[in-house]
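Below are two complexes that have chain A in common, paired first with chain B and then with chain C.
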Partner chain A sequence: MTFVTLPFFIFVAAVTLAYFLAPRQCRWVVLLLGSYYFYWTNSAWLVLVLLGTTWVTFGIGLWLQRVNDQKQTWLKANGELPWSEVSKYENRINRRARCILLLGVAIDLGALLFLKYFNFFGQNINRLLSGLGHGSPVPVLKLLLPLGISFYTLQAIAYMVDVYRGDERADRNPFKFMLFMSFFPQIVQGPIPRHDKLAVQLYEPHDFDYTRMCYGVQLMVWGLIKKLVIAERLAIPTNYLFDHFADFKGPILLFASAMYGLQVYTDFSGGMDIARGVAHILGIELELNFTQPYFSSSIEEFWRRWHITMGSWMKDYVFYPLSLSEPFTNLSRKCRKVMGKYIGKRIPAFLAMFIVYFLVGFWHGPNWKYVAYGIWNGVFIMSGILLESTYARCRKKLGIQEKAVTWRLFRIIRTFILVSIGRFFSGAADLRTALDMIGRMFMHWRDITFIYNGTLLKAGLNTANWFLLFVMLMLLFFVDFMHEKKVSFRQVLDEQPLVFRWLIYIAAVLVILIFGYYGPQYDAASFIYAGF
Partner chain B sequence: MREQLLALLDEIRPDVEFEKETKLIDDGILDSFDIISIVQEMNDTFGVRIKANELQPDNFNTVDAMIELIEKLKRRA
Partner chain C sequence: MDNTVKNHKLLLRAALFLVVLAIAVYHLQGIFAYDDLYTYEDRTVFETEKRGRLDGVYIGGSDVFSYWQPLFGWRDHGIAIENWCANSMRAVAVQYFIEEARKRQPDALFILNLNTFKAQKTRGLAPENIHRAVDYWPLSLNAIRLIHAMCERSDITGLDRLEFYLPIIRFHSGWDQLDAYAFGTLDENYRTSFHGSSFMSGVKDISDHYAIYDKPKPVSDDMRSIFGDLLDYCGENNLKVLFVKVPQALDANHQGYLLTLQQMAEERGYPCLDLFDQIDALGMDLRQQWLNDDHTNIHGSLTVSKAIGDYLVEHYGFEDKRGLPAWADWDASADAYMEIVKQYTLPLERDHAKRIITDIPVLNEPEVSGQSLRLSWKYDDQADGFIICRRCNSGDDMDWYEVGEAGAQAREWLDDDLARRKRYTYTVVPYVALEGETVYGAFDARGITAKTEENIG
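This part shows the complex of A and B:
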């Protein structure tokens, strides 16, 4: 039962009905039962892994809370003691809290690393050892990956760190915490929630609101259009061109990669719209995960607009703590002495950034191609910052106006091309194939005859389907452009006469039913990011 | 303290009018690299140790908020 199947919509209708009919104090229980039913139908016994992570995280949260409370009580009672005494106590209790946090992170992360990466590490160790003549000692295990484990593990770590830092109080009700960890619209592929933003919304009852329900349904319909009409249609030629890349050279491969990027965007953001729409009907606001990333004028900006909750997770729980840690601060001081202030100050932040993008890549999957994907993005971001002053001097020399529309347009197109080249890494079968494709892309790079010589018609879509795809991509561009201009479609729709509004709704549903791609390669179960 | 802070901020981001801005973080005027640079300079200049959990928008949205953070950390030290 995934987001784009009829049973899911029946399930959403049933949960919504039960939620609003249930007594107010029991409404969160409906969400909990619904969430576990949803998880069970998708993952059966793998629900035990989710339960394990949930209980460990809950227990660690309580433990950390107890230590924090102890610390506060002691400080209140002994605030008059000399600073050295207070500091000694603080160091001791902080060390204890850190050990508890590390234990929780090790268990939760250990489950993810074991289930998702054991075979990857095993195969790499085997390859290394067999090269040295020691055989292949690490066995290959048949491991099943629980749905959403990459997402809920990050969610659990964020919760424990927030309690450790004293930013959040630990949940005391294990069942409510189970709901926080399993809320069905976001468990599959995010957005990665924070406890302070989501938990209260889940635990507090919400009353039925017709306007809110309409907004939620609108979001879901738009998400379905993105997923079924655009992403699934884009998948056909993209798969063909990636599978037969050896038959092609030149810009057609960049075209394939750009289409793959758009496919991932419409697939992932479509899924997010459905998730946010369902939550919205229930009165719960999930965080935005995309803000028109293809309007970015640099890769750095692209990553601020793409998978936002992942980016902010990495920033808050990896980048900042690493950059401000003692070893990194010492490194910064040393670098400043050796390399001068400008570079020296940036080196530790670059190193932290490099680690972040390595992790972002690796998080996507146990394959070196994802590591290369992360590094590709990281290198461009770092070079952009490092060469900022050089670029500024060049702009000045060339007389380029920073705020000119043409300059911004040039930067948007340049970013689009760089992002699209990066997509070779995530879209190709493996790293070698990705590099091969990039190499082939630069051969005959002026050959754009594929646009009109019929090559694209052999890639699985006929003329009518290419035309429809073009129209839908223009619609996507228009909607994103209007969002960029802060135009609220919901409000615009609200202001229309009832008949016109319903005509739009019916047309949108018809577009999904008629043009939604349910062809031979269609697999209702697969959302790209659900696989991560 | 204010002059010292403004001088170090100006060195990191000469294009920003720090005295006028009230949403340096919320409006995305400062990015994460700027924040790291600012924190490093604040640590060195004022002899404090700003930790990751103190990197909240409320502490860095305005010059006054930054001064308040430094004073709070100095009191604690």
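This part shows the complex of A and C:
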């Protein structure tokens, strides 16, 4: 039951009806039952893995809370003791808490690593050992991946760390916690929620609100347009060009990669819109995961606008803990002595950032191409930080006004190109193919005849479909541009006369019905990120 | 309370919006349910016919499109009988078609094509069979029942059946193939009379395998049940029903099934017009008047339409309505249709009983020289002369035109001043002059084609 099937919409309607008809104190139960039903229909017995992670996380959370409470109680009672005594106690109890946390992270992360990455590690080990003449001892296992494991594992880790840090009190109700971990709109592909933001919304009953329902449905319709009309349509020429890349050289490959990037964006953000729309109807606000990323003027800005909750998770649970840790602080001190203040101060941050983007890439999939994808982005971010002052000097020398529209446009286009080149790594079959494609892109780099010599018409779309794609991408650009200018499209629409609004809504539904890729004539739509 | 009242009002508005949306989708999907042109025309014309005035409705599969042309019936006898058909119609659908037709033509004679029941396969229906039967129907309980009945006899389950209730789900993928025709107004002139190019000029010689078998064969229980239910339905509703069995090149089994069903119908008092063994009596030519084993071409249709029309006038006493002011639209339609088909029917428009020429001129390969073409043929039968007809194979112009005449002894004819590098197709029609009237013989409907050269020098 994916987001773009009729059974899903019937399911949403049923859950919504049940939710608002249920007694207020039982509404969260409706969500819990609905979420587990949704999970069951998608992953069957793999729901046990979700349950396992949920219960481990819940238990670890309670344990950590007990340790925290013990610490607070002791500190209150023994506040007058000497600092050395207090410090000794704190170190001991913190060490215990750290062990509990590490245990929880190891179990949760272990499940993810085993199910998603075992074969990847195994194959690499086998390759290494067979190269050394020791055969291939690691077996290849047929492992099924539970739906959303990459997302809910990060969610669980975030919860445990927040309780460990004392930022969050542990949930005491195991069933409510089960709902937090399995809430169906966001378990498929995020956003990755934080307990303090999502849990209270889930557990509190919400009353029916017509305006909220309208907004939610509007979001869902927009998500369906992005997913079924744009993303699925982009997939056709993209798949063709990527599968037949050896037949092409020059900018057409960059074009393919750019289209792939747009496909991922519309697919992923479309799914997000559907998820947020469903949650909105139920009175729950999920976090934004995209804020017009293709308007970014640097790769660093791009990653602040793309998959936002993943970026903030990495920042809060990887980057800061690493860069502020003792080993990194010591490293910073040593580097400053050796390489000077400017670089020395930045080395630990760069190292932490490298690790972050290595993990971002690795999280995308068990393949070296994803690692390369993460590193590609990380390198540009790091170089941007390192060369910031150099760039500033160059701009000054060239008389470039940073706020100038043309300069910003240039940066946006440059970022788009760099991001698109990075997409070779995530879109190609493997790392070697990605490098091959990048190499071929630079051959005949001036040859843009593919735009008008009919090559694109061999890629699976006829003229009418290319034209429709162009129109829909322009519409997407227009809506994103409005949002970039902080103008809410929905609010503007709300201010229009009823007849005009209805015409827009009817047109939107007809666009999906007529131009959407669904039904018996097409392959079933599936999310790119739902495989995570 | 205010909030609740407000929410209720807004919910009502939302419900109204959904109704408006449903209406918009319902009407729009008519454009997208564009797959079978003739079925589409047929349904639309039938629905636009004035309620309650038709003499009859002819129900069946695509064979009805070819065997019965309503405007031939009008032209010959002034009777108004339209088709209400579906390509590859399956037996189970017939009753629902009658039910639907009765809504608009409650007192009509229902002519049922018995050949529709020849296929014994009543289960495992393909999606195409269902779409051809159910598409373009106006929304009704009967339509929903038909879809359900056909889906139950297919392997299509669950939500996959939705494409039949909402054709836009299936046909939306063809949006980029919509052309002006899909949006253009339907020309109602032809009253479901067929005018496709294959019908006009297709020909298949079925003389080598057309045979009559007179041994009934047992039909399947399911078919017996379907047919029995149909007869019960007709009886319960006191419908005027006539079964017609049109001549097709069928094997012994299929003919046997039809005989069994024919017996069932006759035992229940329903008349059956059997044209299977009437080929000679009707003067039909098995070599020239079929476009495949199951369908006549226009030449065959002229004959069969006349035969059916004669039977109907004799047995049902329909009024001749030609020239009546209330039926001026049918007169106009018939004139328009005859204008279209005249190039194909001209030589055979005469009284078929008077036809005495049986041989067909055998056309030789034309000799081309520049922009001239010499046509020659072999002919051993008697003829008083030959009409030379030509067709230019370009664009939509597939009509035969008379371009010349040759004497009784002539066996060749020169056509010059043709266009360069163009294909032309010729045929030769023998004729005999009888008591001041010219009777035309059979001719090779496929013709022979040659291409002129570039004129050098």
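Following the convention adopted for this analysis, the second predicted complex is superposed on the first by the 526 of 532 C-alpha atoms of A that agree within 3 Å, B and C clash if a C-alpha of one lies under 4 Å from a C-alpha of the other, contacts with A are read in each partner's own complex, and residues count from 1 in each chain.
Here, a residue touches a chain if its C-beta (ideal position, glycine included) is under 8 Å from a C-beta of that chain, and two chains touch if they have at least 3 such contacts.
Every value quoted in this text rests on a predicted model; they were computed, and no experiment measured them.
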item: Partner chain(s) touched by A:516 [first = chain B, second = chain C, both, neither]; value: second
item: First, second, both or neither for A:411, with chain B first and chain C second; value: neither
item: Which superposed partner A:444 touches (first chain B, second chain C, both, neither); value: neither
item: Partner chain in contact with A:305 - chain B first, chain C second, else both or neither; value: neither
item: Contacts of A:323 with chain B and chain C, given as first, second, both or neither; value: first
item: Contacts of A:349 with chain B and chain C, given as first, second, both or neither; value: first
item: First, second, both or neither for A:315, with chain B first and chain C second; value: first
item: Of chain B, residues touching chain A in the complex; value: 28, 31-33, 35-37, 39-40, 43, 50-53, 55
item: Residue ranges of chain A in contact with chain B within the complex; value: 165-167, 300, 304, 315-316, 319-321, 323-324, 329, 332, 345-346, 348-349, 352-353, 385
item: Residues of chain A defined as touching chain C within the complex; value: 6-7, 208-211, 213-214, 462, 464-465, 468, 502, 505-506, 509-510, 513-516, 518-522
item: Contacting residues of chain C [partner chain A, same complex]; value: 6-7, 10-11, 14, 17, 20-21, 24-25, 28, 32, 127, 159-160, 162-163, 168-170, 172-173, 175-176
